[in-house]
Every structure is written in C-alpha cells, then in structure tokens.
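So that we are looking at the same thing, I have put the structure below in structure tokens.
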Amino acid sequence: MLKETRPPELVVSQWLNTSKPLSLSGLAGRPVLIHAFQMLCPGCVAHAIPQTQKAHRAFGGTDLQVIGLHTVFEHHDAMTPVALKAFVLEYGLTFPIGIDEAGVNTPLPVTMQLHGMRGTPTTILIGRDGNLIAHQFGQIDDMALGAMIATALAADGDAVGIRKTAGDNKSCAGDRCKSP
Amino acid sequence: MLKETRPPELVVSQWLNTSKPLSLSGLAGRPVLIHAFQMLCPGCVAHAIPQTQKAHRAFGGTDLQVIGLHTVFEHHDAMTPVALKAFVLEYGLTFPIGIDEAGVNTPLPVTMQLHGMRGTPTTILIGRDGNLIAHQFGQIDDMALGAMIATALAADGDAVGIRKTAGDNKSCAGDRCKSP
Amino acid sequence: MLKETRPPELVVSQWLNTSKPLSLSGLAGRPVLIHAFQMLCPGCVAHAIPQTQKAHRAFGGTDLQVIGLHTVFEHHDAMTPVALKAFVLEYGLTFPIGIDEAGVNTPLPVTMQLHGMRGTPTTILIGRDGNLIAHQFGQIDDMALGAMIATALAADGDAVGIRKTAGDNKSCAGDRCKSP
Amino acid sequence: MLKETRPPELVVSQWLNTSKPLSLSGLAGRPVLIHAFQMLCPGCVAHAIPQTQKAHRAFGGTDLQVIGLHTVFEHHDAMTPVALKAFVLEYGLTFPIGIDEAGVNTPLPVTMQLHGMRGTPTTILIGRDGNLIAHQFGQIDDMALGAMIATALAADGDAVGIRKTAGDNKSCAGDRCKSP
C-alpha cells in the first residue's frame, strides 16, 4: 500500500519557527513527519494541527523532525504569510513551518504538486532511510499516528500490522477536509 | 522510572470474551497490554475503556495481546460478574476480560494487590521479554499509548524518549480516576 | 407535534436523592423535566445523564423540578437498585431519581409503558399546566433543551418556533440509544 | 450585574451574509444576539462561533436576530475583510456578520469600545425592549444561552433564576479567549 519511494524535496518560500531552512536531504537518517495544512481549513484547525503540535511535544525527546507545511491552494489573498504568522502565534504552534512555494499558472503550490497531495490535511511520514512510510489525506487517529512514528523511530523498517485508522477516525467525514 | 521487573501472574476467577484462560506465562514472547478498570469508574468508561477497545482494533494485525482486568475494589455488590457481562455487551467490548480474584479480608482483589495498582484506570504494558514497560495510574494519551505499544512490538527494547503524556492528557483531573 | 395531553403519573418503587416521594400531581404548577435512563445505556451515560445533571444545576434557582427515572427494560439482574446507588454515587448525580416499578409479565417497567416511551434516553418536559411539552427519544441538544425549559418556566405556554434539535444533535446515531 | 441600559448602536464598515445593513434601532421589538469574535481567536473558532451558528439555526423559526461582529483589535493585517470572507465561506457561517469600524488612534474598533467589550468572544443579548439582558466575555454554556434566548423571546422581561454558566462551562480557561 505504501509506495517504496523517496519523496521529493520540500520547496519552501519562507520558514517560521526555525532559524534555518529545513530540507529532507538535510534530515537524512531521521524520521520526518510532515503535516500539510491550510490555516482556514476547518478539519486542520480542529484536529490535524493540534495533533501535529502534540506529536512535536510527545516525541520531543527523540530525533523525529516535525514539519508543518502551509500548502495554500485557495483563498491566496486571505492565507498570506502575515496571516499565517498571526495564526501560528494565536494557536501557539512551535514546530517549524514552511510556506509552500506558490505555483506558476496554477493555484496549487509546488511541494503539494510534487508530492501528489490531494488536499489538506495531509500527513506524510518518512523513514530513516528516506523512503515514504505513510501519505494520508484526511484525519489519522492519534493512536495510529503515535504507533507509526514510534515504529519509524525504532527501526529502519516497516510498520507491519499497524492500522492507519482506529475506532474513532472519521477521516474526511463532514467535509472538514479540503481538496482543490 | 520503569521497574525492570517481571510482573506477577494474573489471578482471575472468570474470563469473558475468550474461550480459554490467558496467562502472562502463556503469552511469553508477545507484548501484553493490560487495562485494569471498574465498570462504574467514570474515567474508565469515558476514556480508558474505549481506548483499550481502540488499541485492540488498531493492533489487531499484530501479536499484541490486549487484556481487560475487572479489578473491583468497591461496590462489590454492584459490579458483579452478571453486571459486568451486561456492561461488556452494551459497550461492545470484544477484547478478553478477566475478573480479578476477590481478596481475602480486604476489598482489594488479588491481582490488583500483586501488581501494586493504585486504582482504576491502570494501564500496564509488558514487553516481549516479559518485563514491565509501563505501569500508569490514570489516563494515558492515545498518541503516547500507540507509540509505547509500537515500540514494544518493534523491539525487545526500551521506549527511549517517548513521553507517556502528551498535550491533552489530563491524567486524573476532575476526580475521574478511582483509587481505593 | 406535541400531544396536548396530561401525562400519566409516575409509578416508582423506590426513590434516591430525595427524602420524600415525588409525583406529577404533587408538582402541579411547576414545570417538570423527566429523564428516563438506564445506567448501562451508553448514550445515557455519555450524554443524557450529564445533561440532566447540568439542567438540575443550571435551573437550580427556578421552580423547575428535574426527575431521573431508571426505566430498566433489559439486564434486570445487572441494573439492580444496589447497582444504581453505586452508579449515582460514582457519577455524582444529585437530582431525585425514581426506580420505575417493574412490569408484570413483561420486561418493560410500568411508567415506561404508561408514557409510551420507546427506549432510553427519553426526555419528557411537562408544563406548569400539567400538559406535555416535549417527549423525545434520543439525544436533545443542550441549547434546545435549555430553550424549551426556559419557555416552560416563562409561560403557561408553548415553545413556538424553537427547534428541538440543533446543529450537533446526532440523535441516536451510532446505536448509542437503547430501545426494547 | 446586568446593566439596565440601552446598548449603543452598532458601527459597522461592511456587512456579510445580508443584503442590507442591520441596526439595533431597526430591530426594535425583536431580541438580538450579538456575537463579537475574531477569526483568529482560538476560543471563538472552537466554541463561540459554532455556538452562534447553532443558535441561528435553532431559533430560525423565531424572530430572534443573530448578528456576528468581527471586532478586530489585533493582527489587523491578517484579519482583513478578504480573509474574513474566506473564513465565513470555509466555516459555513450563514448569519449576518458586520465588520466593526476600525478605531482612530487605537487598535480597538469602534463598536467594541462603545459597548465596553473586554475581548473576544463576547456575547451580548438584547431584549425586545431594547435593553441589555446579558453581556458576557468568554464562553457561555449552550444550555444557558438557549435558556436566555428563549426567555428573551417569551417575555419583555428578565431571565430570573437562569444561571449563565452550567456544569461544563470553562469560561476562559486555557487562554482560549482573547482580550486586548
């Protein structure tokens, strides 16, 4: 189910919450959790962004790198860098957040296109070997995400037998996810 | 913080949801998640029991063994085996549940005493090597529990750096946990 | 939609949380909120019972009478008076609760039959004139219930234009209600 | 606690979700619920805005007028009219929303100052007689709000004995409210 591929590099126009830019190549050997969101995506605000903040805190003692990616594909004049900075401050987000590079002749930003993301929220987990472990559009249950991250931390390896969705995962029910 | 000890055996008077009795010795080599609860413990009903059911489902494809333990230390005439069976049916619990053996000259049941449990809910995680990984009274966050279980599944080993409590863990706030 | 009828009297075998038995006739002139529940009904425990406790508190300065009614129609040997007392203690319920009189040759208790209740939770609101204002099986939204009670308090009258269910009312979704 | 006063008029630079401007004077004889919010106020987004939408729906059959008021007192370059429009669309808000007129030589907008609002969310309920019924900074419980509105609908009068906060009202706990 998970493509045994090396995900493309992040293309970011501006970084928040970090003094120096991050790159997947620069993080080689460490598991990376990327959470793509939009600040005006209700499902992101209610579930996925707090979940990412929680993961950043819960795994703060490990070498997991949590990265937020602001993949604006609609309402570009509302979700500006200035607005994002206010949002990050108000919601108390402390993990590094990259602003996905605006697309040319398309509302879709560059990294979103390169990674084939379907919308927001999208969660991407990359292993120590640089290969993709998970790429999921919609909500992931906290327990399942915790398990996937821990498996990535523990091994070079594969998360055999851990289901991505548990009991209360409503995925994209109620139109809370956003897709272009 | 975690005692590098081999936890004592379960002493159970009756099993539900399993055709044959379970024992820690019989589960050697497999990680075991024990959730001790009382059916009239509000914190168990609201959080810990659904969490255990979720773990049972989420890790159903692994060799983790989830065990519920009904450790009645109060209201013994209310939380009878007949009442527990109705509760298990109504709440749709499908994991094996043992009824902790009643204590002699004490309201505390036997396994609860042997394991030094402080009350309900208590979550115990045992590794493949039979040693204790975690023993926690009160709520554990879903993400942290998922991570601990996955680490136990992945290794012989230790869950270095994963915090037991994440952002929304309120532990025993609001008197929702029960202790004797 | 609401039957302009005078609901039948309560038939109760035992009262909790009150020094003297309550009756609808004895409460003439006051609005009465009756919440019929079973202590092992998941939808009651998660939503309707806390809601009733909240109404008891929120309207404590008015002449509204809140009454719980334990209408056991299944698992009779589990939901005994002894078990109910433990439940009431553990969940911190302070409003008067009557145990519905057991039925003869039927699992349905007497008041439940007389009032034509379909299951638990059922919420019944009676006006100052003794007539039925609402009789609802399943969840009612807090805002709608607050509005119905306030209307009953304010008038002899009818709750014109207030909807019984608002945005997040999931009614009986997910099999959380119980019916015989 | 409630000032027996006639609240000042709304001063609004732009209206959303209504074809013609609203004014308190134009609504004389009808109860009015004003919810002052900021689109980047976490407590507003999580609780007060959905509550206002719910009230708009639940009382849609009555002559209650629900009004949102975007009282931007910080991050002015983030919470622009363009951004608010995207927010209103994404969150599916259908009640009329006025943008509070920007202040002169102060970050506080005009209506916010005139009404003496302490921050967001603030809920204001005005009776049929044009007098103030409630003015509350922070969260209000759904049940209490429903009761206050219904009382305002039912009478010229006062909501005697209904408490503004019920069991689960956390008011401004956790810094989710915003004040200048």
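Quick notes on this structure:
Read from first to last, the chains carry the letters A, B, C and D; within each, the first residue is number 1.
Rule of thumb we're sticking to: a residue touches a chain if its C-beta (ideal position, glycine included) is under 8 Å from a C-beta of that chain, and two chains touch if they have at least 3 such contacts.
Bear in mind the structure is a predicted one, so any value in this text is a computation, not a measurement.
Note on connectivity: the fewest chain-to-chain touch steps from subunit A to subunit C number 2. Taking the CA centroid of subunit B as reference, the farthest chain centroid is that of D. Of the two chain pairs examined here, A-B and A-D, the one linked by more C-beta pairs in contact is A-B. Work out the mean CA point of subunit A and of subunit B, and you get 32 Å between them. Taking the mean of the C-alpha atoms as each chain's centre, subunit A and subunit D sit 34 Å apart.
Shared interface positions of subunit B, i.e. residues touching 2 or more other chains, are not present.
Arrangement of the chains shown, judged by which pairs touch: one closed cycle in which each chain has exactly two touching partners. The complete set of chain-chain contacts reads A-B, A-D, B-C, C-D. Looking at the complex, you find that subunit B touches subunit C at residues 40-42, 45-46, 74-75, 77-80, 82-83, 85-87, 89-91, 178. Across the interface of their complex, subunit D is touched by residues 50-51, 53-55, 57-62, 141-151, 153-155, 157, 159-163, 166-168 of subunit C.
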